[in-house]
Structures are given as C-alpha cells and as structure tokens.
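You will see chain A twice below: alongside chain B first, and alongside chain C after that.
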Partner chain A sequence: MANKRNATMNVALITAVAAAILVWRPTVLINGLQSAGLYASIAIPMGLILGIVHIVNLAHGEFMMVAAYITYMLCAATGMDPFVAMVPVALVTAAFGFVIYKLTIRQALKAPELNQLILTFGLAISMTQLANLLFTSQTRKLSFDYVSASLDIGDLSFGVYKFVYIGIALLMIVGLKLFLTRTTTGKAALAVGQNPRGAAIVGIDVDRTYGLVFALASALVGMMGAVFITSASIFPAVGSPYTMKSFCLIAMAGIGNIPGILGASILLGVSENILKAFRGTRGWADIVFFVLIITVILGRSIRGKKA
Partner chain B sequence: MILDIKKLETGYGRLQVLRGIDLSVGKESVGLFGPNGAGKTTIINAVMGIVKPWAGSIEFEGTAIGGKPTHFVARAGIALVPQERELFPGMSVADNLELGAAYVPRGKPIMAQQLEVVLTLFPILKERYKQLVGTMSGGQQRMVAIGRALMANPALLILDEPSLGLQPSIVAEVFDRLSILKKDIAILVTEQNVRESLKAIDRGYVIENGAVVLEDTAAGLANNPHVISAYLGI
Partner chain C sequence: MKKASAILAILALSVPAFAQSGNIKIGGTWPLGDITGKQGSMAAQQAVDEINAAGGILGRQLELIVIDDELKADKGAAAIEKLVTVDNVDVLMGGMASGVALGQIPAMKKYGKIVISTGAASYKVEEALGADANWYFHLHPWDYNQGASYAQGWDEIQKKYPAIKIKKLFLAYEEGAFGKSSFDQTKILFGEGGRYVVDGAPFKSAAQGGGDYGSMLETAKAFKPDLFLWAGYDADALPMLEQAKAMKFNPGVYLGAPPGWPIGFQNSKLANNVMLYGMWAPSINDISAASKKFYDGFVAKYKAEPATYFAPLSYSAVYVYADAVKLAGTTETNAVIKALEATKYASPLGQTITFTPAKIIKHQGIKNQKILQWQNGRQEVIWPFESATAKPVYPFPKWK
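Let's look at the complex of A and B:
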C-alpha cells in the first residue's frame, strides 16, 4: 500500500514539475525529452548485457562509433538512407560483437569482474585509436532534409526530428520485454544471468547464450550508430561520453531495470536543458550528470544502510 | 546399464579427491553414503561435467560422457538436483519448470505431460505457480528443484543431499515422493540421512576417502555392522 501511495505521489510530483517547466520554458522540456531519447536508446543495449547477463562492457560507446563510421561509408558511397542502412549495419555489428565476445570477453568471464573492466577499457582505446588511424580525427557529417523538420505551435517553433529517439527507446523497451518474458531464448538469457551453473544443469549452453546476448546488444547499439549520424557529426572519440552516460543511467535506474533507464534519461536530459536555458549556467550543463549520479548512488547507499 | 563409472579419478587443482571409483546404476535407485569430504558430490560433479575426469571412464546409456560440457550431459538425459538447488530466483515457478524441459530433447515434446506429473507430485507448486522462486521457503525451493529436474523426463535423476537443511517432516515427504518416482526413473542419491534414504533405495555404496569401501543392497547395508556403527548410530 505504502508503495502504491509513493508511486502515485511520484507521478503527481513529476507531472507538476513537467507542467511548470512546460509553462515556463516549453523548449526546455522538448529538448530535454529529445536528448533523453538519445541517451536511453544508447544505454538500453548496455542495460541488456550489464543488467541481464552481467557483462561489463566499457567499449559500448565505441561499438556505436564503429557502427556510425560503417554507416557513414555505406551512405556516402551508395547514397543509402541511414534508416535503411541500419539493417545491414546492425548485422555487421552483431557479427563483430559475437567475434569480440568469443575472442576476448569470454576468456575474462571466469576471472574476477575487474578483468572485464580492464579488458573492455582496452578494447575501447584500441577501437578509438584504430578509427583515428583509418579516418583521422576530422569530424564527418551527412545532411538529410528530414532532420530539419519543425513544428510551430503559436509563436513556439521547434525541431521534431529528434523525437524519433524516444520512439526507438520505447520500441527497444517493449521488444526486449517481449524477448525476455515470451521467448525460450530470452528466458534462457535471464536464467544464465541469474544462475549460470543452474542454467548449464538444465541444458542451456551458457557460453552460446552469453555470445547471443552480446551480439544482440551489439546489433542494437549498431542500429543506434546508424541513426546517430543523421543528427550528429562523428569523430573517433564520439562514443566514449556515451559509454560513461550509459553506465551511470543504468546505475541510476538500478541494474536489471530496463524501462527505468528511460526514466533516468528523462531526468538527466531535462535537468541538463534547464541549465542550458540560461546564459550564465549554459557551460555547467555537463556537471548535472555527475551531480545526479553522485546524489542517486549516495541516496541509495544511505537508504540501504537504514534498511 | 544406464550409468557406468570405471576407475574414475579426479579432483580440484592438485588435490586428488577420487581414487578409482567403480560404480554403476541400472534401472534402480542407488544411494551414495559417506562422511563429508569423502567425494560423493565430486562423483556427481564428474558425471555432470562440472569437473573433468583425470582418469577412468564415465558412460551413460553406452555413450562416453566423461569430460563433456554440463549442458551436453543434461541434454543427453541426466537431470541433477544440486545441493544448493541452483534455481533461477528472479523467475516464477512456471518459468523455472519450463526451462527444465526447454533444452532437453527427450523432455521438450512432452512438456505439458511432464508438467502435469510434477504438479500432481508437488501440489504446492500448482498453488505457487506464478510466485517468484526466490521468495519461497527452502523446502518449497527443493520441490521446485526436483520438479525442474523431472520436467526433463530424465533417464537418470541425480539428487545431491535432497534433505539438506530441511525439517524432518519435509524430509519424509521428499523421500516419500522419491519412492513413487523410482518405479519409472533410475535414481542416484547422496544422503547424510542414511536411515530415511535406505527406505527409498534398492542398492547403495559407501564412499570413504575417495574410494568405494562397501557395496550392497539396502537390506544388506541396514544390517552391516560398519554401516550401523558409523552411519545409523545405534
């Protein structure tokens, strides 16, 4: 009962804050939601491997960067639209992820978790530097007409294209929920995450399941890499801030809570945009993320101690 | 012969635990007795591919399974109820049971039928069908673990200390259910509770220091002076 009342109060509070921001500065809410969609749709694939099968991948953003470069080359060479290119790109990154898993991460799973951290951090650096060698550090950008689509409501005018990221995040949440609760492979993935020994005993090929989930997450983040180039320019280090942000959004939502990632992203996106709305605090927007993560983790630790 | 182990030697790291075990299970139920650290669980771990054999052979229905990965052994038709149960705590009873059959060729086609068998054997699981396993009591979790193993329609059911941590009334219940099962399935069971388990088995081995020191029928073991003084405490 207490939980239900808490949830109702939270919803009421959030609605009130959202309404206040909407009246005060509508663009803050709009931009906030749009960047939240981007954060969430990049973090959700990481939430899948970290939260469900407990593999730490610090090269997550770099997987997206690699996918973005592949998409860039594909689209620049053939004139293909990124939304079409995301299908072959997702297949390529899935295969790439599976190979990376088999060659490297698999070996680190039996060792303490710190090894995964160091290994994938090394992978991230290697991938960034390889991109640097192949493509130089020059930024690249493709332009598409539909990105500048805008909407006028009264005297308010804003870009609507980036709402596509919210759609993608919602699709991922629903899709993963169905995968994990309705399919045998999804249930096997959950089982492997909760108890790898128990999973092997009932005949689940644990190694193959890890590989499949890793490939699936790589495909999803690859897809995001393809869509990412429609609205942002890319360079070799473009992925690493997203690794950090994804990691922290997952920690804020609570490990294993995939829908919560969208909530955490909205909190982050809107807060950043509140600061960006003022000339004086514009440069401080990046600090929001660190303040939020420290507050949430501290809060949770203190509450945990009390309980 | 369903399970045939010959001259099995294995251990952990450099520590040798089993020193040449010969053991077989036909269409019967077989008990493994012995003190803590004698190697009972290690025999099971070797059969399930959790530890690799150093020497000797393990055959299941005529196929060599020694050193094969655990999921291979499980798919071949051996189901294990581990000491620590090894369930999926964040999933429902229904999902735990389903996963017991989903990857085993001899269990998957008759999943609905096996579910009926398990829910008849353990009616409590029918009541708790949608409950998360992690929120259930130890005794109920033991029943989920046995139920999950039965879902695979195994040719051989292995139970490692099924009565561990259970209150006596539930122990009696578990062995009661095992007596029903042994008509259809070969069973290999390790037990500290020798008195209860002698009622449920046909034949038994006494393992001490990684070797078989005694092998006899249940009646023979119950009357053996060594078993009486060391395990029945009379």
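Let's look at the complex of A and C:
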C-alpha cells in the first residue's frame, strides 16, 4: 500500500515537473527527451552485457563506431537508407561481436576485473586506430532531408527527428523484456545472469549463452550505429564518449535494470538542458552528469546501509 | 708528433666541409593521426621530392624526417630532442596545435635551430617564444591576426557590396580553449567602437562527445543576428546545419570556421552558400599557378585532394627554407636566418609570403586569412578581393 502511494506520488511529481518545464521553456523538455533517447538507445545494449555477462565492455562505443562506418560505406556505395541498412549491419556486427567474444572476452571471463577492463580498453584502442588507418581522422556525414523535419507550434519551431531515438530505446526495452521472459534462450540468459554456476548445473550452456548475449548486444549497438549516422558525423573517436556515458547511466539505473536506463537518461538529458537554458551555466552540462551519478549511487548505498 | 698534428689540423678543417655535405635534413613534427598533420607531412614530402627531382639545393638532396607529435605536448617536445640530437637536422618544421608548440618551445630555445612553423595560432605561443627567438619563423597567422583580418574583411565586403549589411554578430563557440579564445578575440575585434553588436553561446562539439546544438541555436535565433559564425570542428558542420534548418534559423550570413570540413560536405544540399574562414581552397588554382602546381602534384602523387590549408602551408614551408638556403649558399644558421628575412615566396595559398614583425616575434609570415563561400560544391574566395574567385551570394537562402 505504501509502495503504491509512493509510486503515485512519484508519477504526480514527475508530471508536475514536466508540466512546469513545458510552460517555462518547452525546448528544454524537447531537447532533453531527444538527448535522452540517444543516450538510452546506446546504453541499453551495454546494460544487457553488463547484466548477463558481467563484463564492462569499454569497447562498446567503438562497436557503434564500426557499425557507423559499415553503414556509411554501404549507404554511400548503394544509396541505401540507413534505416534499411541497419538490418544487414546488425547481422554483421552480431557476427563481429560473437567472434570478438570467442577470441578475447571468453578468455578473460574468469580473470580479475582489472584484466577484463584492460582487455576491452585494448580492443577499443585497436578499433579506433584501425579506423584511423583505414578512413583517416576526417569526419564523414551523409545528409538526409528527414533529419531536418520540424514542427511549428505558435512561434516555436523545433526538430522532431531525434524523437526517433526515444522510439528505438522503447522498442529495445520492450523487445528485450519479451526476449528475456518469453523465449527459452532469453530465460536461459536471465538464469545465467543471475547465477551462472546454478544455470550450468541445470544444463544451460553458459558459454554459448554468453556468446549469444554478446552477439545480440552487438547487433543492437550495430543498429544504433546505423541510425546514428543519420544525425551525427562519424570519425574514429566518435564512439568513446558514449562508452563512459553508457556505463554511468547503467550505474545510475542499477545493473540489470534495463528500463531504468531510459529513466536515468531522461533525468540526465533534461537536467543538461535545464543548465543549458541559463547563460551562466551552459558549460556545466558535464558537471551535472557526474553530480547525478554521485548523488544516485551515494543515495543508493546509504539506503542499502539503512536496510 | 708533427705528422699527428698535421692530421688533426686537416681533420679539424674538414669538419665544416663534412657538415655541409650529404643531405640537407628537415625535421618535421605533425600530428599524423589527424588529417591536418597527415596531409601537412605529405605535402612537405611532395615539396622535398620536387626540389630533389630538380637537382636539390646547392647540389645536395633534401631529406625529410617526420615524427608524429600525436597532438601531445610531451611527444612533440621529445620529437624536437630526437630530431636535433639524434637525426642532427638542419631545420625544424611543421606543427599544428598550439598546445604542442608550447611544449616544444623549451627544447627549441635550448638548441636555437631554425624553426619554420606551420601551426600554433594562439598568442600564448608567441608570448612563450619572446622577442629574442629570431630563429622562429611563423607562417600561420596568430589568432589576433585572424580576428583582425576578418573584421577588415567584413568592413571591406560591406563597402563593396552595399546590399550586405552586418550589424549584429553571433558567435557559437565550442567549449574548449579554441572556441573560447575565438569568442574573446571576436568580442574585442568586432565589438570595439560599437561597430558591431556581438553576442555568443558555447556548445559542446560533436568531436568531444556533444552534437546537440538546440539550446545554442535557440539563443542565436532569439538574438536575430545578421552574421552567425560558429567556431568548432568539422564534425559539427552538417549536424548544426540540419538542426538550424529544423529550427528555421535563417541568419543573413551563415559562416563556419572549423580547421577542416567533413568529406563530402559539398554534396549536401544544406552546404550551398555557407561561408567559411580559411587560407586556401582548390578554387585558388584558377588564379594562382603556384596553387595549381601544388594541387596537381599532390593529387598525382597521393590520389587524394588536399583537404585543409595545412597541406599548402607545409608545402610552402619547405620551399621557403629551400629558397633561403639557396640564397645563403649554405645551411649555416645565421646566414639562413638572414636569407629567410629576405623571403618573397609566391605561395600556393594565393599570396606572397614575406616575414614581418608581429606583436612580439620578429618573423611573422601570413597575417591575413580569407573569407570564402561554398558555391555549387566549391569553396570560392570572396575576400581579399585580389584573390577573389567569385562574388558573395547574400543573403543565405531561406530554408525550403
């Protein structure tokens, strides 16, 4: 009963804050939600790996970068739209992720966490440098008319295209929920994530499950890489800032809490845009990011201690 | 004993002659992971090969030794140490980032080798060099030179084309040192005497993990500028235009000042009539034989177009030094410095390079930048008028 009342109060509070922001400056909410969609849809695949394989993949952003370059080459050569290209690109990145898992990650699963971090950090650097050698550091960008789609409400004109990222994040959340709760492989993955030894005892092939989850997450981040090029320029180092951001969003949401990643992203996106709305605090967007993480993690550990 | 003394005397006399034989060594430092440095070093090699194919200088061949500074000050400083003490180069060349140059200056001061710098725009580098660095020849304009030349350029453009009226200027600048320094300079140079009303807002560049320009563009739109200028990186160019279009932000002049432009920028429908600041564009081939020679040679050698002005600038650095050695008749430092002071090199940048005093240093090469405009897929020079390849298209067309 108390939980229900708390949940109702939270919903009422969030609605009131959103309404207040809308009245005060609607673009803060619009830009905040659009940024949140992008952050969440990149972070969710990383959350899947962290929740089940229990490894922090510091090459996560680089997987997206590789997918973005594959999409760019495919679209530039064939004139294909990235939303069509995302299907073959996802298949390629899934295979790539599976191979990377088998060749490297798998070997380090039982190693100390620091070794795992160094391994994935090494993968990230290798991918960036290879992209630099193949494509140079000069940026690339394809133009699509629909990216500039806008909506006018009174005097206010704003872009609507980036709401697509919120849609992708929601699709990922629903899709993963269905996969993890309704399919045998998904249920096996959940079991492995909760207790790999117990899962192995009941006959689940843990290594195969890890490989499949890694491939699935790589496919999802590959799809995001394909969509990413519609609105952003690509260059070899484009992925790395998203790795850290994704990891921190997962930490804010709590490991294994996939829908929570979207919530954390909205909190971050809207907070960043509130600061950007004031002349004196425009450059503080990165600070709010770390303040939020510290606050959430500290709050959680204090609550944990009390419990 | 007499015999030994005679041998020693002969050896001693032969040392200068030995030092003046063999290849003339040029030590270059560029950030090779970045397109500016990569193509800068390629263009320098192109110049070296051209000079060698024509017989070299003073009967000697040029040799270019390149070290990657990785855009890091410590790597840049170590590169200078190695080039001077291990490779024993005759001249130091190259550079792009001011931060790297600041790290290199102590080593440069220690050895006093001639330096022909192709980068480092920050006035802080000039302050670190001091007035005594007579061995330092700076080809790239300082940041205050750039700002002053833009102010002069817009004054002259408005005088020549009365339809162009600029009073309110908005500068969107990336949050880093480059953007902030650009904003400070713009406020001083354009704001003085109330000639222009200047406002600005920072944004996080896509190159640094940003790429959301919504709040910055909202501020710019509310200011209603006649000239919208953004100082960021190539990664910002198209996404910012796309967001400006989505927000129906239509300034009279839309101008970008990144160090380079993304591959294929000109193919975007949004790119047409965007203005830019720069030093060189392939369109200068139409008015400059030196530019055409450089461009054709680069494309033939590397099967790629020079993407930024750092390529012709680095190419020029080699020729400037080679001409000075030829004039001096030796690679001896003081003689070459004297010869460099007499430089008059018709560069591929569409202007003749000479060295005149800057605020602090004695040897400043180029002081003016150019105002250009993307027109039908080409960067056309709008100002200075003596290098112009097209008339400006004004105002920036309304979004369709």
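Keep this in mind: the second predicted complex is superposed on the first by the 307 of 307 C-alpha atoms of A that agree within 3 Å, B and C clash if a C-alpha of one lies under 4 Å from a C-alpha of the other, contacts with A are read in each partner's own complex, and residues count from 1 in each chain.
Simple rule for what comes next: a contact is a pair of C-beta atoms (placed from the backbone, for glycine too) under 8 Å apart; a residue touches a chain by one contact, two chains touch by 3 or more.
Source: prediction; values computed, not measured.
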item: Which of chain B and chain C A:F158 touches, first, second, both or neither; value: second
item: First (chain B), second (chain C), both or neither touched by A:L190; value: first
item: Superposed model, chain A: greater residue contact from chain B or chain C; value: C
item: First (chain B), second (chain C), both or neither touched by A:A232; value: second
item: First (chain B), second (chain C), both or neither touched by A:G203; value: first
item: First (chain B), second (chain C), both or neither touched by A:S265; value: neither
item: Chain B versus chain C as contact partner of A:S246, first or second or both or neither; value: neither
item: Touching partner for A:V147 - first (chain B), second (chain C), both, neither; value: second
item: Chain A positions touched by chain B in one structure and by chain C in the second; value: none
item: In the complex with chain A, residue positions of chain C that touch it; value: 33-35, 38, 175, 201-202, 204, 206-209, 211-212, 214-216, 218-219, 233-239, 242-243, 245-248, 260, 262-265, 267-270, 307, 399
item: Chain A contact footprint on chain B (complex, rising order); value: 48, 50, 69-71, 74-75, 79-80, 82, 85-91, 95, 98-100, 102-104, 148, 152
item: Interfacial residue positions of chain A with respect to chain B in the complex; value: 184, 187-188, 190-191, 194-195, 197-206
item: Chain C-touching residues of chain A, taken from the complex the two chains share; value: 27-28, 30-31, 34-35, 76, 132, 136-143, 145, 147-150, 152, 157-161, 231-233, 235, 237-238, 240-242, 245, 273, 276-277, 279, 282-283, 285-286
